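Please read the structure below before turning to the comments.
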Amino acid sequence: MDLLIQIIFGLLVALIIGAAMMVVTVRNVIHAALWLIASFFAVAALYLVLEAEFIAIVQVLVYVGAISILILFAIMLTRSSEGERLLTQHWWAAALISLGLFGAVLLPTLVGHTWNIPLPSGAPGTPETLSGVEEIGRGFVNEFVIHFEVAGILLTVALIGAIVIAFEERSRRRRVLTLSEEHILRQRQQATAERVSAVADAVD
Amino acid sequence: MQDVVNQVINTSFGWGWPSWAIALIGYLIVAAILFGIAPFQMLFLTLYERRAIARMQDRIGPNRVGPEGAFQPLADGVKIFTKEDIVPAAADQWVHFIAPCVVVAPTMFMFAVLPWGPGMVPVDMNLGLLFFFAISSVSAVGLMMAGWASSNKFALVGAMRAVAQMVSYEIPAVLSLLAIVMVTGSLSIVELINYQGGLFISTRDVASVPDWGLGWFIFSPVGFLAFIAFFIAALAEGERTPFDIPEADSEIVAGYMTEYSGMKFGLFYLAQYVLNFLLCAITSIIFFGGWQGPGVGWLYAQAITPANLQGDWIFNVLAGVLGVFYFLLKTYGFFFVMVWIRGAYARLRIDQLMDFGWKFLIPLTLVNIFSAAIWVGLTKWGAADGLAFVEGWSPLMRWAVAFAVTLILNLGAYLFLARIFAQSQDERTRQDDEVLEQLTNVA
Amino acid sequence: MLKTEELQINIGPQHPSTHGVFRMLVTVDGETVTDLKPVFGYLHRNHEQIAEVNTYLQNMPYTDRLDYFNAMANNQAYAMAVEKMVGIEVPERAEYLRVLMVELTRILNHAGALGFLINDMGAWQTQLAFGMREREKILDLFESVSGARLMCNYFRFGGVARDLPPDFMPRLKDLLVAMPAFVDEMERLLRENEILLQRSEGIGILPKDLALAYSVTGPVLRGSGVAYDIRRAEPYSIYDRLDFDIPVGSVGDVYDRILVRIEEMRQSRRIIEQVIAQLPDAQGGHINPKARQNVRPPVGDVYARVETPKGELGFYLVSDGSSKPYRYKVRAPSFINLTPLGDMCRGYKVADMVVILGSIDIVMGEVDR
Amino acid sequence: MTIEMQRGSVIVMDRRRGKLRAGQGLLQGLKVVWDHWAGSFRTNDNFSKIHGTFTVEYPDERLPMPQAYRNMPVLLFDDESGHELCTGCYQCQRICPPQVIHITQAKDPVTGKMVPAATEFIIEYDACMSCGFCAEVCPFDSIKMDHVYELSTADRVSLTMRKTQLNRPISYYTGIAPDLWAEAQAGAMKKLQGSIKRRPDVIGLAASLTEKIKARRLELAAAGQVAGGGGQEAGVAPAAPAAKLTPEEKAAKLAAMKAAKQAGGAPAPAEAPVELSPADAKAAKLAAIKAANAAKQAGAAPAEAPVELSPADAKAAKLAAIKAANAAKQAGAVPAPVEVPSTPLDAKAARLAAIKAANAAKQAAEQSNNE
């Protein structure tokens, strides 16, 4: 069993890293987004290997199903999907800085962590129900209520922002009149003009 | 399956293979069976649909190839396999190539959690229902890829419509299921089916009801409304009439499939029909008890199960056969309803579809969640949860009160929303004075 | 901010819903049509020029090919034009036979047109199949009387080619028994259906005075609320002896056109029943025996028009005294009704555009000629 | 814009607004479709029903074609004699709107004059518009519209139909359209009777030929006077007729015409030259019998010609029989057209038969004169 898990783990990690590399190296932005989706999906599979079913499913639902679609939409709204390869002469500096930052975040964890993972206590194949829906629900309204609420507010704000942007755009866009609307409009304008001229005549 | 494989390899043959190999073999066997079933469903459903809709149109339908046209799908398959695969010169070759696979794969995944009969589920996942819908949303990526890579305007418009529709209609689908999940308190599909024993009333609500396997959710107001909403959303998700907008042939030719030919096109078809099968199956599981039906529960109680190791294997077989029979009967029944609707209705417009989803279906499902909460409170909670007044009532009484309250609530909500929605639709089409005033000022 | 662009889509000439080879150059903003240019001529067959090298009788089968849904009505218009030019008397019985055929044509055209319209809205052929079933019955009748289903070529100068075969009347009476059930069924499928209401109400409105200005005719004009029907406005043949009503719409949208077509089918049935009742008393044979088919009309010109199911079909003929028309001009209803399409579609969605085109009920054979 | 209306009114369609639409219409639609589904297990074979399947499973079942059905034109010939009804009058070629009919008129091999028959008759089926004008206009009912509609081929050329492909026996046409054929027969009969009343001398001849015949008669009469009365050219030329017809002769002639028409359906065959269709001995025998009958009706004793039939030389025998028939008709004092197309194969036998026939005819004429 362990060997199988290790093989699967290796494959998944290779896929994740490979896909992530492709994301930053391909020139076509859409291709990059698609590689990103592949990476997300592999991460979800990794969660499944860790027997974190709920997280895995949420990863698929949120990242693969929703976020990636949003990314694709966003890319399609941008002007060109074919990016220029921007490789300055100081690319090594950028690489160093990013590596340094990465190390600064990761190294304390790598060094300070005690790497003695306890073996599962129960028999293999019968995981504990860590992902019961009731527990999650209780977690949301008890322990993590602040996080939950903050996330909710954030999403609401984002939603409202999106609506505002779309509305602004809509109001600026000239609505296309249908034939009958145009006709009624013209009739009214005529009537108004006639009224005005009648008034003018009366004044004269 | 794993224990059977273990039995055969290690006990009978005595080869002493490691557990991971046993597990792998077990998974592979199950996967192979499912991969065999899925295309078969597609073949069968295409013939089924064509024959049924032909009857609705006073025709006979394909009856030339084989007895009653039974081999027509195979002939179509041969035809589609031998067709030339045309890739447009302007297409993005790789994405164009991968897109059908991305569309088909999730539908195959979804078979993993589908229970066919009592004890017959490939993976009894705790979160089966969630898994089902999470995976189904992945195919939207494939549609997007197909539409974008074809570099065809019809395909792009079709993909945009498809994705917009899928994303919007997932919400009412999941919300309507949420009501059911609230009642059962579990996301496991197997648990959902087990809940639906009984006769008209679920045994979990009123324990004294005889278990005829007929305590389906459809018989409660909450379940009924959820069923209506879910089935409509399923039609939209499966791109069935009246929601087949992404492939509206009279407007955008074939939508995202426009630039596909040969077996790639066939794969889209495969994905669509398998998805339709799955949606019908999940509808029958959630609202019509899946394999539940008269006799199955009794047979399965005699069978060898983890709970009853002294059972007789013959009952396993009998319960399985009867369960699968009920399940497929219901599933194909729902597919008939899909075909029936396809035969009767025209297609909505994309903005009307969005209106309907967001302005009618989602409020309706939200009301239904409220009803579900009332249902749960009235049937399950007691003084400990703050509902002291139900303490003295008998379970049947509690059930009856819950039924009446939710019925009134749901019916009222439906009529109210229908009126509001009809009015809003009227306003859209009206030569409104307000609208015109606005236009006059602008002009 | 988000930038959006207008997209130009070519709908046609090869497209499932353009009713033939017709192209619409559509500019869309998202899903909204901002501009539409109809492009036609893909089916141009030089009809009018061919007619000028043919004799008058030889043109009769060519008129079948104009609007191939209603060959009988086209024949009638052409026969009337030539008869008017030469001064041929048509026997009473022949007139009744003509009206019978033309009203059957009207039913079959509307049954087909409604079916195709619903198909354009996205239904999967069911309503069309029902319409086609009735159409087939009528075509069987046409076949038994004229020898062909579509290209009937039944009318001759001074009458019709052949009298009714003996089994015609019983079959026609059977057909009339089924007709109310069929129309009611069609109405049930079309009239109350919420989806169809959504797709047709308020879509493609053509206001009354604009309809007149565009000189559209037929159900499109009547749908816009103008009670104009040549059968009443300028009674020809024997229409002044028959009772029938003119259905008109009130708004001028696709829904009104559907309603008008449904009601016209009922009225046509009424006419046919009256024709059946009056036919035995009618005088004369199926054709004026004195009428020569190889006509040489006197020098002059003539315009004759009839109300075909699609609208006013007129033939303008100029004769130079020879056996061939000097000028032959067709006023085709489909062509004229198509002119407001671009304006009617503006501001609606792409899906509506298809429905509006379907509600005009064009046949490209007549548009391109 | 309103119009005056006497019988009828304007109805404004009711849009049924203001009704709550909560899905009833959708359910109604489902009901309609359900009724059709449930009713589709019966077949719909009646015009008065709207439910039930109305599919005709085409290659297995076919709809009966109405008699008037017209698909593509074909040419008719007489079953017994193989005689073609077409005289090559060009009426159909002239009326044909797409101009797909091409006729080559037959010529006498001896004199080079036009004869009322077509040596070649081409119809381009690929361009034919099935209007049926050719059948309507044909004065001899020789071109009729076929009912066969399975004409698809892989190439366009094979749809250019030649005369041999177009020829159909009359019995074929009576099989597909008996009423129409009866109508055509009645029409032809009426025309014939009218012609007999109007022009008793030249019955059944094309109008263009009557002048020639008159001239020829005068010429022959003059020649006869020179030769000393009643002589005739040997061999090819038939008996020269008496200048005046007796009433008996007239009756005999009418009977002959009728007999010919019963087989041929038109007055044309009586005079028209015959081209042999590939017929077998049986057909020849039939023709011989018919000729004998015709001769009998001409008031003569049975001609010898049919008796001498030998099955070995069927073709020659048939030719002889036809000649005999002609001769018998000529006993009715109509001058026979001189143009007798003889097959090059056995011209000699044919010539012999013709001479024999002429003799028989002479005998017959003498007998009838004696009577």
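Structure notes:
Residue numbering begins at 1 within each chain, and the chains themselves are lettered A, B, C and D in the order written.
Convention: a contact is a pair of C-beta atoms (placed from the backbone, for glycine too) under 8 Å apart; a residue touches a chain by one contact, two chains touch by 3 or more.
Please read these numbers as outputs of a predicted model, since none were measured by experiment.
Following the contact convention of this document, C is the list of chains adjacent to both subunit B and subunit D.
Between the chain pairs C-D and A-B, more C-beta pairs are in contact across C-D. Comparing the centres of all chains, each the average of its CA atoms, the largest separation from subunit C belongs to A. Subunit D has its Cα centroid 39 Å from the Cα centroid of subunit C.
Separating the CA-averaged centres of subunit A and subunit B is a span of 26 Å.
For the pair subunit B and subunit C, the distance between mean C-alpha positions equals 45 Å.
Put simply, the C-alpha centre of subunit A and that of subunit D have 84 angstrom between them.
The set of subunit A residues touching two or more other chains comprises 175, 177, 180-181, 184. With touch defined as above, residues shared between interfaces to two or more other chains in subunit C number as follows: 126, 130, 133, 189, 193, 195-196, 201, 205. Shared interface positions of subunit B, i.e. residues touching 2 or more other chains, are given as 56-59, 343-345, 431.
The full set of touching chain pairs reads A-B, A-C, B-C, B-D, C-D. The touching residues of subunit C, when paired with subunit A in their complex, are 1-4, 29, 32-34, 205-207, 209-210, 252, 340, 343-344, 346-348.
Considering their complex, residues 53, 56-59, 153-154, 157, 241-242, 244-245, 248-253, 342-352, 425, 428-431 of subunit B touch subunit C. Residue ranges on subunit C touching subunit D, taken from their complex, read 54-55, 57-62, 126, 130, 133-134, 136-137, 140, 143-148, 151, 153, 161-162, 165, 171, 174-175, 177-178, 181-182, 185, 188-189, 191-197, 201, 212, 225-229, 232-233, 240-251, 255-256, 259-260, 263. Residues of subunit B that touch subunit A in their complex: 18-21, 23-24, 92, 94-95, 125-127, 130-131, 133-135, 137-138, 140-141, 144-145, 148, 163, 167, 170, 181, 185-187, 431, 435-436, 439-440, 442-443. Taken in their complex, subunit A has these residues touching subunit B: 1-5, 28, 30-31, 34, 37, 41, 53-54, 57-58, 60-61, 64-66, 68-69, 72-73, 76, 124, 129, 131-134, 174-175, 177, 180-181, 184-185, 188-189.
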